[in-house]
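First chain A sits with chain B, and in the next complex the same chain sits with chain C.
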Partner chain A sequence: MHSSVVRVQNVFGFFTTVCFAVAAFIALSDYYSPRTPSATLAVKDIQVVRGRPHYYSTKKEEYAHIRFSLSSDLSTLFTWNTKQVFVYVSASWPDASAPNKTAHVNEAVIWDTIITSPSADHLQNIGPAAMKKLLKSAKGNAIDPSRGKLELKNQKPKYQITAPSGNVANIENVVLKLHYNVQPWVGILTWTPQMDILRWKQVKGGVSKAFKLPAIKVKEEKKKAAK
Partner chain B sequence: MADQLLENARDLFEGQIDFEGQRLAEFLATVLLSIVGVVSFLYGYFLQDIKLALLIGLGGTVLTFLLVVPPWPLFKAHPVKWLPAPEENKSSQGIVVDGMVIG
Partner chain C sequence: MLSALQNPRYAAAQLLNFGLILSTAFMMWKGLSVISDSPSPIVVVLSGSMEPAFQRGDLLFLWNRNWMEETKVGEIVVYNVKGKDIPIVHRVVRKFGIGSKAKLLTKGDNNLADDTELYARGQDFLVREDIIGSVVAYIPFVGYVTIMLSEHPWLKTVMLGLMGLMVVLQRE
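What follows is the complex of A and B.
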């Protein structure tokens, strides 16, 4: 510590150590805050239609278009270390040819959204007007747990789903499930827990009743032409 | 004149401090940075604001740099007292063996 340059090096060196220690404590503080999310999912209208995966494709596949209602309370996921929460709804169904006919081995995402914490609002890639509204909605608070409360009524899916075989009509025993990712400022990305881990509980509910995908919807004109 | 100025500028840049000052600087850097870390975590956790924790941490670090790095008079309060220079003896290089000056 005899000269200025040595003092700069020593102070900076210890600063990095302190940074790492504080960051580790911030990451560990996540495990101390309880996570008790709950959700109810209900299927509304379902359609199965024939379509092409892209404009130039010669192959036609079946696409399921599943509307749903979601009421969820994910507010406990929002703490000081939460940067954003990624929420998604998937449809899953068993494979009839698999040895275990009841296991839901097929899964496809039908809808997702990003919920930012007010501390990460400025990172959202949205227009200026929407950004202003988003920043205003936090009312200057550093965290806003009310953003975890989603109320979707008869929500249109973002993605129409199909299977590798291209056939999804008449599939039985399909369920919708709610999943989430918590992306922290410091620490590891966490997925929906499949069991209770200390203070983190599984999603209460979050699975819809089993339903069946309908047969392919035939257009009215074709029906008329067939007569 | 120019040499003197250059010498002063170099001393200011090097910022040499005495031994007691070095001990104090080391102690201050360790203690202040540790306190800053603890305070920033506690403020951030209890006010649930990670930006505040970051600002306290960085602000406290800047203050620590300002307090520890420049050669403040506080770090020069105990200058080393050197022994007086021996009398000049042109013929001798001061090599002493068994109490006899031999060269």
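What follows is the complex of A and C.
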């Protein structure tokens, strides 16, 4: 009954039980802290150009470069259980040939960023100089809500978007939207809510006005040659 | 010492007990599989392509039903490429169309380029069918044991030996 093997088993069993209880408590504590993010998103400059998907490709496709301005306050997303917040801006547009012509059935991410909590800074994949700066920026703080405040002016997109057809010029009713994904240290992953859930509110704003992608930008030389 | 060898009735009980533990684990796994509608409801992260969100050895819980809405852009999905065994955990970054024919493109947060290169030859997009689940919950590090076991096969022998020794040494 009281052999050393049984004792080791009991200690290990108790250890795992305590670990899971603490983890469950931390995970549930997420629901207690309110989330009230807000953002304003505006489209700046849009260009549609022709290009190739990669260097060796012979296929020509149209790519839309959408510049935008974003001012957001996501600071309430940062709690003791936040490992990182993945923030992304997507462009969505309807399909003209679909039965429902107004539903935004196409969506593509044009820009994203990872905002780590100071507790997860060391995991970022960045250069040594940038890492030093990042670690220094939150010295002594386990949580840094100020990182949730983004001010981007005329931001270049990270990804140029295209569609499977290869045509994106002259698409109407395109909308930019801000989304986020909160990655916890332990527990449930959460995305931008579609409705208010208890203390978690929807993003206030965070949707741009509908706009139209322009026609393909013709290179200056070609224009001259045509004349 | 070696009481198990002296008492066959006891040895049989031990064996049954061991079988019970194994079958319980198997039933729980399959039960979870039925609930989540995923062939593999719990996966261990094997690569660093989603860092810093997921490290190697982290445990992910998957959900493969679309009760409220379709799988959409921003979700982290686990998919299998045709002809390859290893499941990949990446984020959906583009979606064209709706329903089971919708074209999905994925990308790892820590990768510079999207996954077009990882897909099968001639495949430019995933469809819903390729996905075996979306990540809904996360426990760090717990799955590292499985990585250790698969990378250092001798550990399996050591573990089996220890377990066998424990069964033999146990008295009651």
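Remarks
The criterion applied here is as follows: the second predicted complex is superposed on the first by the 223 of 227 C-alpha atoms of A that agree within 3 Å, B and C clash if a C-alpha of one lies under 4 Å from a C-alpha of the other, contacts with A are read in each partner's own complex, and residues count from 1 in each chain.
Going forward, a residue touches a chain if its C-beta (ideal position, glycine included) is under 8 Å from a C-beta of that chain, and two chains touch if they have at least 3 such contacts.
No experiment lies behind these values; they were computed from the predicted model shown.
After superposition onto chain A, partners chain B and chain C are found to sit side by side with no clash.
Of the two partner chains, chain B is the only one that A:Ile143 touches; chain C does not reach it. By the touch criterion defined above, A:Asn81 lies against chain B but remains apart from chain C after alignment on the C-alpha atoms of chain A. In the superposed pair of complexes, A:Tyr31 makes contact with neither chain B nor chain C.
When the shared chain is aligned, chain B comes close enough to touch A:Ala21, but chain C does not. Contacts of A:Trp185 after superposition on the shared chain: both chain B and chain C are touched. Residue by residue along chain A, chain B and chain C are tallied for touches, and C comes out ahead. An angle of 40 degrees, to the nearest 10, separates chain B from chain C at the C-alpha centre of chain A in the overlay. Of the two partner chains, chain B and chain C are each touched by A:Ser3.
No C-alpha atom of chain B lies closer than 12 Å to any C-alpha atom of chain C in the overlay.
Under the contact criterion defined above, the residues of chain A that touch both chain B in one complex and chain C in the other are 1, 3, 5, 185. Per the touch definition, chain C reaches chain A in the complex via residues 51-53, 55, 69, 72-76, 91, 93-98, 102-103, 109-110, 116, 124-125, 135-140, 166, 169-172. On the chain A side of its complex with chain C, the touching residues are 1, 3, 5-6, 23, 53, 83-84, 86, 88, 90, 95, 98, 103, 105-109, 112, 114, 116, 120, 123-125, 159, 161, 163-164, 179, 181, 183-189, 191-192, 194.
The touching residues of chain A, counted against chain B in their complex, run 1-5, 7-8, 10-11, 14-15, 18-19, 21-22, 25-26, 29, 79-81, 119, 142-143, 185. Across the complex, chain A is touched by residues 13-17, 21-22, 25-26, 29-30, 33-34, 36-37, 40-41, 44-45, 47-53, 57, 61, 64-65, 68-71 of chain B.
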